[in-house]
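Letters A, B, C and D mark the chains as written, and numbering starts fresh at 1 in each.
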Amino acid sequence: MADLGLAFAGLKLKNPVMTASGTFGYGREYGEFFSLKSLGAVVTKGITLEPRAGNPAPRVVETPAGMLNSIGLENPGVDRFIEEELPALREAGATVIVNVSGHTASEYAEVAGRLDGAEGVAALEINVSCPNVDQGGMTFGVDPAAVAAVVEGCRRRTRRPLITKLTPNVTDLTVVARAAAEAGSDALSLINTLVGMVIDPATRRPVLPRGVGGLSGPAVRPVAVRAVYEVAAAVDVPIIGLGGVTTAEDALQFMMAGAAAVAVGTAFFVDPVAAVRVVEGLSDWCDRNRVEWIGELIGAANPGFKGRRPGRY
Amino acid sequence: MLSVFRAPIRESVRVGGGGGRGADGDGQAVFHRLRLHAAAVAEVARPGQFVHLRCALPGQWDPLLRRPLSVHRINRGRGEIEVLFRVVGRGTGYLAGLAEGDAINLIGPLGQGFPTDLADGETAVLAAGGIGVAPLVALAEELAGKGAPLTAAVGAQTAAGLVAVDELGKVAGRVATATDDGSSGYHGFVTDLLAGLLERVARPVVYACGPEPMLRRVQAMVAEGGPRVRGYLSLEARMACGVGACLGCAVRRAGPGTAYYHVCHDGPVFAAQEVVLGG
Amino acid sequence: MADLGLAFAGLKLKNPVMTASGTFGYGREYGEFFSLKSLGAVVTKGITLEPRAGNPAPRVVETPAGMLNSIGLENPGVDRFIEEELPALREAGATVIVNVSGHTASEYAEVAGRLDGAEGVAALEINVSCPNVDQGGMTFGVDPAAVAAVVEGCRRRTRRPLITKLTPNVTDLTVVARAAAEAGSDALSLINTLVGMVIDPATRRPVLPRGVGGLSGPAVRPVAVRAVYEVAAAVDVPIIGLGGVTTAEDALQFMMAGAAAVAVGTAFFVDPVAAVRVVEGLSDWCDRNRVEWIGELIGAANPGFKGRRPGRY
Amino acid sequence: MLSVFRAPIRESVRVGGGGGRGADGDGQAVFHRLRLHAAAVAEVARPGQFVHLRCALPGQWDPLLRRPLSVHRINRGRGEIEVLFRVVGRGTGYLAGLAEGDAINLIGPLGQGFPTDLADGETAVLAAGGIGVAPLVALAEELAGKGAPLTAAVGAQTAAGLVAVDELGKVAGRVATATDDGSSGYHGFVTDLLAGLLERVARPVVYACGPEPMLRRVQAMVAEGGPRVRGYLSLEARMACGVGACLGCAVRRAGPGTAYYHVCHDGPVFAAQEVVLGG
């Protein structure tokens, strides 16, 4: 049996398979299909300072080999999250990464600060794909300075490892990645969703009330693999690769491009046990290919790979 | 623990409706019924719950998402469930193309079913619009099994859209029917029939499933009926996960402020006054 | 029968369905499946000043509901194109739009100049997705100033209508679109391919020899529709929408988002008569929905639509 | 004018090979043969040409691209063609799952076939590696019909990989076989057998189809044979359009400078000296 364990960025993962934020709730629902302990980590739905109701319906629409979502960050707010959701996750034995969102840099920092005191939070994932209300509503994630400000703000308020989750909707991801790394981010997650739209010819309107939504699923995988490949050749911080991971082969693409770990998102909607199958598939693949430790594969397809190699679990 | 099932198809039949497979150019609906072996689902399924079905071959990612279909009938003894659906697009088209011996990948039963405990003196009044009849057959069978008083009305645009009336009739007695074009039964809306039933029945418990305009009308009728009338609506919503994880299937909660239920998890059945339709 | 004819940007199209550059060769191959006269226009494979051999194999790889290509602009060069390919296209009665590529602004301009003299060229489509060798290899298309320079250079050398084809791999497409319009582009085409990568775990290398390739097909459609929607609300020049068009409903999404016409690309590989089916489907849809002239639908789903409405054919 | 055909399946059979559907974990190959009604294709198809098959239901976009398969046999009288393929992935898996009565969307015949005009004194020498035998059966049948002298050798990794040897034998007489593991026939490569045949035959015209390493070896042997030996190779390449429009299926031309042929349009059959393999 191959060793799938990894240690990087202050995280210890029994295997490199996580859940993608927003596709796995707070672990309760899919926790009925498999034990949360079988995954490397559980990344929660995005948490904000105040509770958010989210967007009106419809919030999801299917696209070829993908989907758009416009959930609007529905969540109970950080305080109720800590009280009502975190204990169950902790008890289920999950390694918990909390996804953090906000509309101002100080909102991010405040959420990070409150989570710093909470027990059972292994790391924070900062989602910089929200509109920056202080700067006219462009998302933080397209502006390296804004990303750096958010990361620095969080860094001052927490000792936990910080992962910055980047949006792919930029001309040059490496610039934003460098800004996040230099501002103190311990790891990067990429990619978040692409911006997309579906129009219903019958109603002559976009299907989603806000027009655009976030594109995810197998359709975006080639874009995500390329993003990981490019960023892994530009920065040395560990990368969590995601975007359309459905099988172990997909996960291997990301790891060989340079990701230290992967996350499964939309694939849960197709197969509730997709992530478990990815873990099993990785183990089988390593055995068949005489790979003793999965860490050996990181960056294997990327001659420019700059990353520090993770340690063993 | 929930599981992902591979349910072999025991029977696959086209039901009523017009010609051709898929929604025809002339708007004639095509309906299809599948009988599936899924003992673990049949064991625990309740009327009003649904199953979430994959509509592509393994390893194919288009269409990507599962399709929700109500549990139409439950046969615990044989470990079977039935689904009844209108063929509207790629997903239901795929399902209608399956034959006996094929299998479907499904998860379920999901969601909250209809509350079926009636107080003394209460009568169940079932109202279906079009394919909304699907969950009401399982409901009628359960209510009849409990000996609850029961009456039903089904409406559709045309006679061809009236399906499963016989199945319903077997347990509910006479089923009143209505069509928008008068091609069968009462010429008008099923809610007109419902209005009549609500007058005749002392303490009605309304169970309704159908298109949103119909459900809005039912909601208003239940509200107008005051404490004498209870009402439950089975809703539809675009879904991704089907289990409460993605928050995709929002429906507005009634009450001050903005808050949402999730149809797959809190529903699909809601008490009529709990939700704001079309919100 | 609905009227599908349109006139805009100096072009007259009998219907709004074109071919996407590079997916239709010079019209000969698919011309064996249907008459080129049945389409609004034929857009050729990209032409450069000198002949190009293109990239080594493999050049294509399938992805979920899409594909990557890395053809490398294989083409006979503008002179041989004019001599060997153009006459047949002209004789087939096609409305011909020539896609132009280059590595320097002056190369683009030179190609445009040579085509200006050629008979039977209805318009030029300037593909600014090539690496700019004068500026370190970033594609022209991500830099508004570089796009403007290319357009202005071509404008000086030709009287033909100029269409600028934009790459979606930028943070804000509207900035580039405005630059192209202000520099004298009569119309815009969007989108070109997204940059993507597929890695083969068995070989531990990217499948395409150059690593990345261009993602096209149904998978990218939501990104393309959104791009058209945004740009159509930012500039008033007509837009040709493309990216994953397979059916009339897809074409309607683009037109309702604000496109004056659409192009069919990857769909040809699935169905050689896809474009003809789109034309027929548009005609049927208009008849069923009592739309007399398809021009009425342009921008119908886009409250911010800024475009000038095309004229009748 | 070329057309898109909907070809009904007349016969769908698994052929030889190991257990299970799809390439098994233990590397055992599974082969499948489909007999299709496609009169217009059968009418004009030539050995060495291929058909390009859609491998998804209408309206499904994954898998997206068509799959190229050689014309394995041609029956003009019955308006039928056959394809013979190894089940390796989603496309061939889909095709192998089809049954009599289903239909396939195909275009073809595409590409340039084998030149089959032999000069006096020339002998056709067919060499197949694995599933490379597929196009050679149609070729052998045509050559035999013309009364051309003919001999053949087929190789595979193991005995289970030797397919269609009987069909070939019916027209080519004795077929020499080779396996890498010696489990059937000669213990070694089919190119070793070919070397023997090239020595015994006065003026061989080699027709080869198989994996690239084999074709490279054949190419070298043809070159070494000098003007006495002609040779034709049937190549594979990743394809999108299949008709010459996308320039996706490049193979390097022999000669100075860099230039490419396109396998779908200029090939898939090339004279051995025309192409640079693995370039």
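In this text, contacts are C-beta pairs under 8 Å (C-beta built on N, C-alpha and C of every residue); 3 or more make two chains touch, one makes a residue touch a chain.
Values in this document were obtained by computation on a predicted structure and should not be read as measured data.
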item: Co-neighbours of chain C and chain B - touch as defined; value: A, D
item: Pair with more cross-chain C-beta pairs in contact, given A-B and A-D; value: A-B
item: Mean-CA-position distance for chain D and chain C (Å); value: 36
item: Averaged-CA centre spacing for the pair chain D and chain B, given as whole angstrom; value: 53
item: Distance from chain D to chain A - Cα centre to Cα centre, in angstrom; value: 46
item: Two or more partner chains touched - positions in chain D; value: 61-63
item: Sites on chain A at which at least two other chains make contact; value: 63-66, 217-219
item: Overall pattern in which the protein chains touch one another (line/ring/star/complete/other); value: complete
item: Chain A to chain C touching residues, read off their complex; value: 63-66, 68, 142, 169-172, 194-199, 201, 204-206, 211-213, 215, 217-223, 225-226, 229, 244, 249, 252-253, 256-257, 285, 297, 300-301
item: For the chain D and chain A complex, residues of the former touching the latter; value: 61-62
item: Footprint of chain D on chain B - complex, ascending; value: 56-57, 59-63, 90, 93-94, 97
item: Of chain B, residues touching chain A in the complex; value: 1-4, 54, 61-66, 107, 237-252, 257-260, 265, 279
item: In the complex, chain A residues that touch chain D; value: 64-65, 218
